[in-house]
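One structure coming up, written as structure tokens, with questions to follow.
Lettered A, B, C and D in written order, each chain numbered from 1.
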Amino acid sequence: MSPKPSFVTAKEFDEIFQSVCNWGRWGEDDEKGTLNYIKYEHIKKAASLVKSGRTVSLAIPINKVAGPDNPHPAIHYLTHIHDIDIPQGEPHFAMDFLGSECHGDCHTHVDALCHVSYKGKLYNDKSISTVTSHGPKLMDITAFAHGIVGRGVLLDIPRLRKVRWLEPGETVTREELEEAEQAQGVRLGEGDIFLFRTGHHRRRLELGPWNNEYEGEGKAGLHVDTIPLLHERKVAVFLPDGDGETVPCNVEGMAYPIHALQITAMGMVCADSLQFEELVPVCEEEKRWEFMVIATPLRLPGGTGSLFNPIAIF
Amino acid sequence: MSPKPSFVTAKEFDEIFQSVCNWGRWGEDDEKGTLNYIKYEHIKKAASLVKSGRTVSLAIPINKVAGPDNPHPAIHYLTHIHDIDIPQGEPHFAMDFLGSECHGDCHTHVDALCHVSYKGKLYNDKSISTVTSHGPKLMDITAFAHGIVGRGVLLDIPRLRKVRWLEPGETVTREELEEAEQAQGVRLGEGDIFLFRTGHHRRRLELGPWNNEYEGEGKAGLHVDTIPLLHERKVAVFLPDGDGETVPCNVEGMAYPIHALQITAMGMVCADSLQFEELVPVCEEEKRWEFMVIATPLRLPGGTGSLFNPIAIF
Amino acid sequence: MSPKPSFVTAKEFDEIFQSVCNWGRWGEDDEKGTLNYIKYEHIKKAASLVKSGRTVSLAIPINKVAGPDNPHPAIHYLTHIHDIDIPQGEPHFAMDFLGSECHGDCHTHVDALCHVSYKGKLYNDKSISTVTSHGPKLMDITAFAHGIVGRGVLLDIPRLRKVRWLEPGETVTREELEEAEQAQGVRLGEGDIFLFRTGHHRRRLELGPWNNEYEGEGKAGLHVDTIPLLHERKVAVFLPDGDGETVPCNVEGMAYPIHALQITAMGMVCADSLQFEELVPVCEEEKRWEFMVIATPLRLPGGTGSLFNPIAIF
Amino acid sequence: MSPKPSFVTAKEFDEIFQSVCNWGRWGEDDEKGTLNYIKYEHIKKAASLVKSGRTVSLAIPINKVAGPDNPHPAIHYLTHIHDIDIPQGEPHFAMDFLGSECHGDCHTHVDALCHVSYKGKLYNDKSISTVTSHGPKLMDITAFAHGIVGRGVLLDIPRLRKVRWLEPGETVTREELEEAEQAQGVRLGEGDIFLFRTGHHRRRLELGPWNNEYEGEGKAGLHVDTIPLLHERKVAVFLPDGDGETVPCNVEGMAYPIHALQITAMGMVCADSLQFEELVPVCEEEKRWEFMVIATPLRLPGGTGSLFNPIAIF
């Protein structure tokens, strides 16, 4: 493990915020943020990584059971079963209804750029007043409607540390990300989709759910010193297990600093609560940590995020 | 246009049902149906079709407005906007809730194999009693959790007929599908994902919604004589605008015969209510009607279907 | 019918607003508004009106069908039927889920005092900023948790006018309310529950639903000159079919002026969308238009309103 | 406390079931069950009990927080706040959406007669097949649409036992109900509304929620030997804190025997999960345990039950 990561003052945080800030980079009307890094050529290269044809889901099954990390479980009801008489004759149909919050800790989802504000501002210097109780006027999830496609690179921190998972409160620094790159023989680059593994879901599978928010036991995640690395490398998409945050964090007077840096400052396409427990054995078998990734948010006008089911293709 | 398609008697329908029936083909515990046709090699070949890197969504934006084809509109509420005080300080978050029936005519979705029964049976000779009010015990949507990936082939019937769209009640025969293949220079084959365009959504965009069910004005779709073609060719996945059905249909004493043949008899992976209005211009520009398709249902245990956002990659 | 009611200028409206304004009347922390008019003695007198023992619902059955006056129909699903195995043995249970907006035109409901603001203010001079996306901090529906009980008085305007119902756009003036009092031999007084009938629901039963909002065909309701009457008489509760508003209204530059006067200025307990079609025949048989009324909102913390089922007891 | 209550065999249970069975009593089409006991004269007498004019809610505030007794918390979202521009000008409106299961342990609700089946039968010898996934064809909650009104009688068992509440698993026998009647100077009679207090909600307020189902810690309730008493006395309505059941119960091979006897056999109007913690001090001050009760289910076609807010009037 890396030496104990340093504490970051509010002033230092603001300096990092400024240093990674992409406001205006893609024009004042931009709603795509770092998805702009992914050019057609990146998608072609990503497709060229498909060598075996295996596909792996990166999503947690939708969780309908309340628990410490799932205070608002999804509601899912069969609305018809095959007992319903059909006036026109055969066939018969079973149908259902699904309702869910779009940002639950137990539901693999992607964030829209309007999801996070910092000091009254959204990404690209837009005001929080653009998000009313009727929905966001800008930067909703449909900005990613045509899919998030590119080269996925998994950095597997428990593998590096030779542990089953990182414990709540542990943090991963820039130095450690670079060590993981070396250990795995990969390097994050422009337009990449970064899969960041702490083993959050492995721990949940084995020890059960826990309250990983501030009022609870916390979670493992990134140190803020990693964000400039992602910025320099022009990483396009961030797919963590957990949500990338270290809780409690190492920044003075803040919670969830990673969200503010990634989404508000960088306009980064970020997801939450993936699971890599089916992916890891495939990576080990295939002996590679890069693959094609496709992730398609629901096309929800006004959505601040979306449940989704990203997949890796080898 | 083809000559007037023939009416099909109940006896003839049952003969078609038997002739395309895949019950037992992949074992008595199979839950994947025709997805079994897609082998790793098909996925690799599909990836090799990525030549330009363009991606196109095949989904209709989720429709929250009630109408004749949307009696149960999706419910979507902002649960927080950035006005909510965060105890721990910055940043702030906007969040939302989405609820929707999984099989609405205005919501692009995929069906689970438990969705359709015919004469008391589901695909693979399973009893309808396996679907209780608590959910299906078999063949829910998680059977497709690792994604539906393969070569997509669009057959564009309005293009063949030189019309903007097919009118409600018009039907497309096997002969006409083969004509479209010839006109476009493509051929449906084993493991393919068949995109079937009637122009349903184009008509909706231009003329507005209409009630396309039996009590309403109907819709354009397949004639049942096309189903043996799909069976012989080992087509894996069916992605129509509309839902593939001709309403009213040409089969004696039945409604929705296509669903019974495709899902109950064949175990075919079928979706509903896609739109190809963004796809068609890209096909015309690229001068090709084959591309990679990725479609990932939500990973919903017990789901009889799922909203999703399939994409084509050129 | 009364002579054509006069048009009201914005200045006149503001004068009425000031003249009926109860801000501060019951203290700066008051959350009950005109419910304060109902004293124990009024409840006792109301109970003394129970002479025959007949009870009548004043609610419309909850409407699950989308229509021009029901754009967000209630969602209602059976979550279990008796097909579900119970681990412990008998008995078995059928259960359901109900979801609904609290202020639909087709759902009999009561408004909380936080529901309506006028020029940035709620009742009792409170700021609209007390209502966040997480809910109201003040004056939610639980202010009425212990029930709305008192003497109900029905003024039946179609009866006075000898018509089946008032047509959309027709308005009822103070003079006409006083004529109805005389015709029926009743007089609204302190602490009363005023049932105001335009025949809105009768029209709906016979002619079907219509869009009664500003973008549609309108509705019949009160003229703003009636509000000073309700104020002078210290009427506590307003229970209309429709919602009391005349649409389009007779006030310069405003919509829904009745809501602003009743709820924001007066702090009046107001409901929407009752039906009196079962009540009217009982009144005629009993030859009286006063009776005990009990209305109990759901005890919903943070509710801006509540579905409910008020009843009259004769 | 009573001596240890006896265990009841399956055979004895069936004998009790037969002895209290009201099937056919009010005709084969009856959907009201024991509500038939309440005649106009009972309602008049109930109104005559209104002597002071005080009203008290008997409902628990709707619970939106998941917990061991609330696995499916209510969902409640503000759909508009006053930040939404109104095209027509002032006033502005705050609105919300409420969704809830109708039979949650933490939500005061009433059961429809279709809610409970025993050995394939509903009340009045109706088949469980009358309840499909689309809803009950018979005996839904609208059978009680015109309100449940009558004399309420509270039997306060913790008061009798001189404890703050009964502990999970403790049971109340017929003998003890009769002792409570004597101690309080009241007697349950024809058409009465029986409020049964175990102190369930008091315990929850002081010790927090617990899982009171079979897989959990249980709850205090009635012994099945009380049911013949309720039958003989022609009690019309049962309003318990908890749900009347002792868990685990004293009947061989069964769970929830009270529900089967009350609802399936007797057709009794039964509610769940009331609270009497505001009522008890009023009873003690007024020195009486009888009062008028009004309870009005939502008018929900197809409902197997309804949230409601019953009140007592003194």
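Basically, a contact is a pair of C-beta atoms (placed from the backbone, for glycine too) under 8 Å apart; a residue touches a chain by one contact, two chains touch by 3 or more.
Just so we're clear, the structure is a prediction, and the values are computed from it rather than from any experiment.
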Subject >> Of B-D and C-D, pair with higher C-beta contact tally >> reply: C-D
Original post:
What is the distance, in whole Å, between the centres of chain B and chain D, each centre taken as the mean of its C-alpha atoms?
Top reply: 47
Subject >> Centre-to-centre distance between chain D and chain C (centres being mean Cα positions), rounded to whole Å >> reply: 28
Original post:
So which stretches of chain B touch two or more other chains?
Top reply: 75, 78-79, 81, 83, 97, 99, 132-134
Original post:
Is the way these chains touch best called a line, a ring, a star, complete, or other?
Top reply: complete
**OP:** Could you please specify the touching residues of chain B with respect to chain A in the complex?
**Re:** 39-44, 47-48, 50-57, 59-62, 64, 75-76, 78-79, 81-83, 86-103, 108, 114-120, 128, 131-136, 142, 145-147, 149, 214, 253-257, 259-260, 264, 292, 294-311, 313
Original post:
For chain D, which residues are in contact with chain B within the complex?
Top reply: 75, 77-79, 81, 83, 97, 99, 133
Subject >> chain B residues touching chain C - in the complex, by the definition given at the top >> reply: 65-67, 70-73, 75, 78-81, 83-84, 99, 132-134
